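We just call them A, B, C, D, E and F in the order they show up, numbering each chain from 1.
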């Protein structure tokens, strides 16, 4: 049977305008890749947002898979922005194939 | 005055805006897909940039243009200080929010300007092509004032250095395309523009209709969800565009602009940004509440300007210039 | 008849539809991005609404308009009963599915109507502008009939109360924009329309081409994936538009409409909804199978109408009015 | 090291036309936020769907993070719609920072 | 309380042009459904990609929920493509309602 | 020569391309939403296909057309062999990458062709309508050559059989739409085209401006991120379009094409694919590095062709035909 290894998957919901700050942090802690997914709309403490791309206040999902230590380092790195800008970060264990790509 | 109002309310551009407001209020699911809305805003930027550039390529840059630019920049820089006072005292906002909102009212709304240009042109008071350059020049100064008001001089703002922030403001997509197209228009001139005018000129008003339909939807939906905005802030969102509009118009007449251009300067002062400034504030003043500044500028001031204030400013400009014995 | 067919098959609008069908059948990856397809459908709604409104602003609302509206509403309400019978007996569908499909055939397809308008105009049989209002009026009644047929009178449907459902139908984006633009056209009139006509009129046929290309792709792809549709249902999807088309045309001639408008009423009766009604049925009759109603209306009836039935209906309308010694 | 707490992450695939029913249910059980992601196409028992936004039969992903009890309450609340409309609901444990936001 | 069962959730990041290869593999191993999500941009060993839909080199997320054995069969089936084309595959346990749909 | 350069650099189409390059280099966040970019590329395909088809419907298919088609196919097939040699020796690429890059340079870039057509038409050297068919015919042959070079004859490539790959190439969305619209144009002819020309003709240049703006952004951003491209490869990305351009132009003049069509054939040979071929290579040669072939064709050759080489080729074609005493 095919071999899998366990990695952390981290997803961060952030302002599109701040996307580069997040991916820079990912690069900084030495994670080798990330993927951006589009987001439509949402609701949080600050109410509903939607259709905000005209106003440049829309959001994206940043997703990255990494070894546990790097994942924790990333969480640490992003913690201040989470507080300032109301990002959402969640992470969990996943099995991946060819784990060496996500060291 | 009445005639102006009727002209305003039979213009398809304004009617589509009202349709958007209406559809949102009856909770229709009508929505313009986001990439289309974004594309329309880019199209409008490119089209008015081109048109302004072609106009300036013909007229050249003379003393009027320079003084209009100067007046716009000064107004953009100073208007937030007045707004800040009103927001802090009557509006009861804290320092950060007052500064953030003030920045919006000192800066400009491109769509309000474009709508005003359509309405003014319909009244045979077309503003000079250089007013596009004035508009571009007025985008940024108020952001600086707002930050100074919110944070004091020289403080580091948000996650960004001032250098980063200025870079952001001058390279943001709207300004880039507006000024870029302006330069393309200046270089290409009348002849180059001729080739692309079916796309950028003939289609312009129709695109503006659909874009205003969308802005109506967005403005009304935000209004419905609004919670952070008190009646005091609502009143300020009507009061500021009136005052700023009159000040701007008088300034325009004062420096010798024609009626249409004076009215356009008035509209620029009266309008509140809801594109460039919110994005900048989100980064530079993350503690400020977007629920306040977006609702005020987009859901109250913007409709007020489009539906009522542009007509008022136009009439005021006509009055002042005729008193002045000046250019029609 | 033959001439009509040739006219149909050399019209770019129809040719692009055929191209779409072809591309899907050879499994090309050609696809129009979804936001663009959505935007085109909104554009078409706005454009025909505006055009209809301007036409009615000129002609006014007279007895012809009122009787056409009445005929359309009655036809929309009654046609599903006949369709239901056929679907239940010959088609062997259960009650829920029969009701759902019947609602589609009583309601209308905007794109079929628009394509028919183009073809009829090419034959110098342009329908009256008020037919746009008739079309809008025919969208909803069949939904009620379909629900009554599927559930019996007065029953609560799906997750929705009847009030919610009616709200949904009248505020859905297509109807909202169609009627909204109609009103804008009526208020703005010829003059207001002049300003936006380069966008809404000159571009219309080209957008329709690309939209039909997309509909061809979607219809054919659904056909390829179809599983739920038997040969009996396939036959009904050809039979109903023929019958409904003839009935509608005769009705139009009967109440004294001109040839083009009678043919347009025929086309409305012949066409089956694949936008508003599927969305309504999904909510109101979730047990009904979209694989059945979408495939029948979109993949069989729609191409049949565009490629063949519009031509037949037009010829039939011409025949009837000439027999009638009536208006050409 | 930064502190994380465990929450449930729930993802619901639903018709765009029914999105409001789902988010209303989320509000009802007292979860404070949600995010909508766009979806392209899919295949299920009812066959393939795609490019359906013109027909208004397209789908979206609704994603929400909440404490376990509220998550279960939401599942309970949505169960009838799952059966009627063929929604897909899946949930799993995630670690989040600033857990008080997802109570 | 509502009953949940455990299934595997598998997410595969793949080239849009290869999407059909992936969904064919899903069909082949007998999984009954899948859902495609759009993706904006990303970074990996081959650098940053974005705005590539004009060039036809854009990517999508394929997501499918299945019983563990079928999930492993799918991973096995996709392994060669993972190596050739640099797909990303991750999977984890989720709770679902009406588990019989994801057998 | 100088005049040509000035004409090139005051054309709005080229100016918008330069604006895109500039905006990316100053790291502006300007971006055209992806669905819009995709839609514009489909629009351009449909428009040039239609136009070519209408042109051929008038002129008919004569010996010139056939020999131009033949010349294009032969050139498309053979040019990669020369390119391969240069890439492998001077460029130091391995076999797989050399074959993949060579395929790009043998195939064509639609946007380069369209831009050239605009520029040539501005110089009163409009290419014949049949050159669109030549362009379509030149898309695929180089892919075959590239695969033969990379893998040897008869080998299975990537995950696909050769049959699958050919199917992919002939049904890919660009080719499908280009050829489909060509056929629509041939059937519909002048008259059918008249109806849709406001959309497909009047808007064409404006859409091309915005599309080139986007291509400028994409090309420059890829250049900024580029890592895999050495100075040797950069030099080849300039050298190949010069040589291929001259060869293609001479070939065109040699088989008796007029100046504009000869120049267009030169541009087709000079241009490198960055749409159809990258997609095909990704599937057929997954080991090849997109960082190399996309950066070379899109970020170096494409701007070089648009900004400089089209002008050179046009002048060269004019020179050759005047020497030839031939058709202007």
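Operating definition for what follows: contacts are C-beta pairs under 8 Å (C-beta built on N, C-alpha and C of every residue); 3 or more make two chains touch, one makes a residue touch a chain.
From a predicted model like this one, the values you see are computed outputs, not experimental measurements.
Visitor: Among the chains, which is located farthest from subunit C on the basis of C-alpha centroids?
Guide: Using the mean of the C-alpha atoms as each chain's centre, the farthest one from subunit C is A.
Visitor: Indicate whether more than half of the residue numbers at the subunit A-subunit D interface occur in both copies; give same if so and different if not.
Guide: Under half shared, hence different.
Visitor: Counting only Cα atoms for the centres, state how far subunit B is from subunit C in Å.
Guide: 41
Visitor: In angstrom, rounded to a whole number, how far apart do the mean CA points of subunit C and subunit D lie?
Guide: 35
Visitor: List, in ascending order, every residue of subunit F touching at least 2 other chains.
Guide: In subunit F, the residues touching two or more other chains are 31-36, 38, 172-173, 198, 202-203.
Visitor: Return the residues of subunit A touching two or more other chains; collapse runs of consecutive numbers into ranges.
Guide: 37-38, 53, 92
Visitor: Can you name the residues of subunit E that touch subunit D in the complex?
Guide: Where subunit E meets subunit D, its residues are 1-2, 4, 7, 9, 23, 32-38, 60, 65, 92-98, 101.
Visitor: If you look only at subunit F, which of its residues touch subunit B in the complex?
Guide: 9-13, 15-16, 19, 22-23, 26-36, 198, 202-207, 209-210
Visitor: Okay, in this complex, where on subunit E does subunit F touch?
Guide: Within the complex, subunit E contacts subunit F at residues 15, 17-18, 21, 46-48, 50-51, 53-58, 81, 84-85.
Visitor: Can you name the residues of subunit F that touch subunit C in the complex?
Guide: 33-36, 38-39, 42-43, 46, 50, 167, 171-173, 176-177, 180-181, 183-184, 187-189, 192-193, 195-196, 198-200, 202-203
Visitor: Spell out the part of subunit B that touches subunit A in their complex, as residue ranges.
Guide: Within the complex, subunit B touches subunit A at residues 31-32, 34-35, 37-38, 41, 158-159, 172-173, 214-215, 217-218, 221, 225, 227, 274-276, 278-279, 282-283, 286-287, 289-291, 294, 298.
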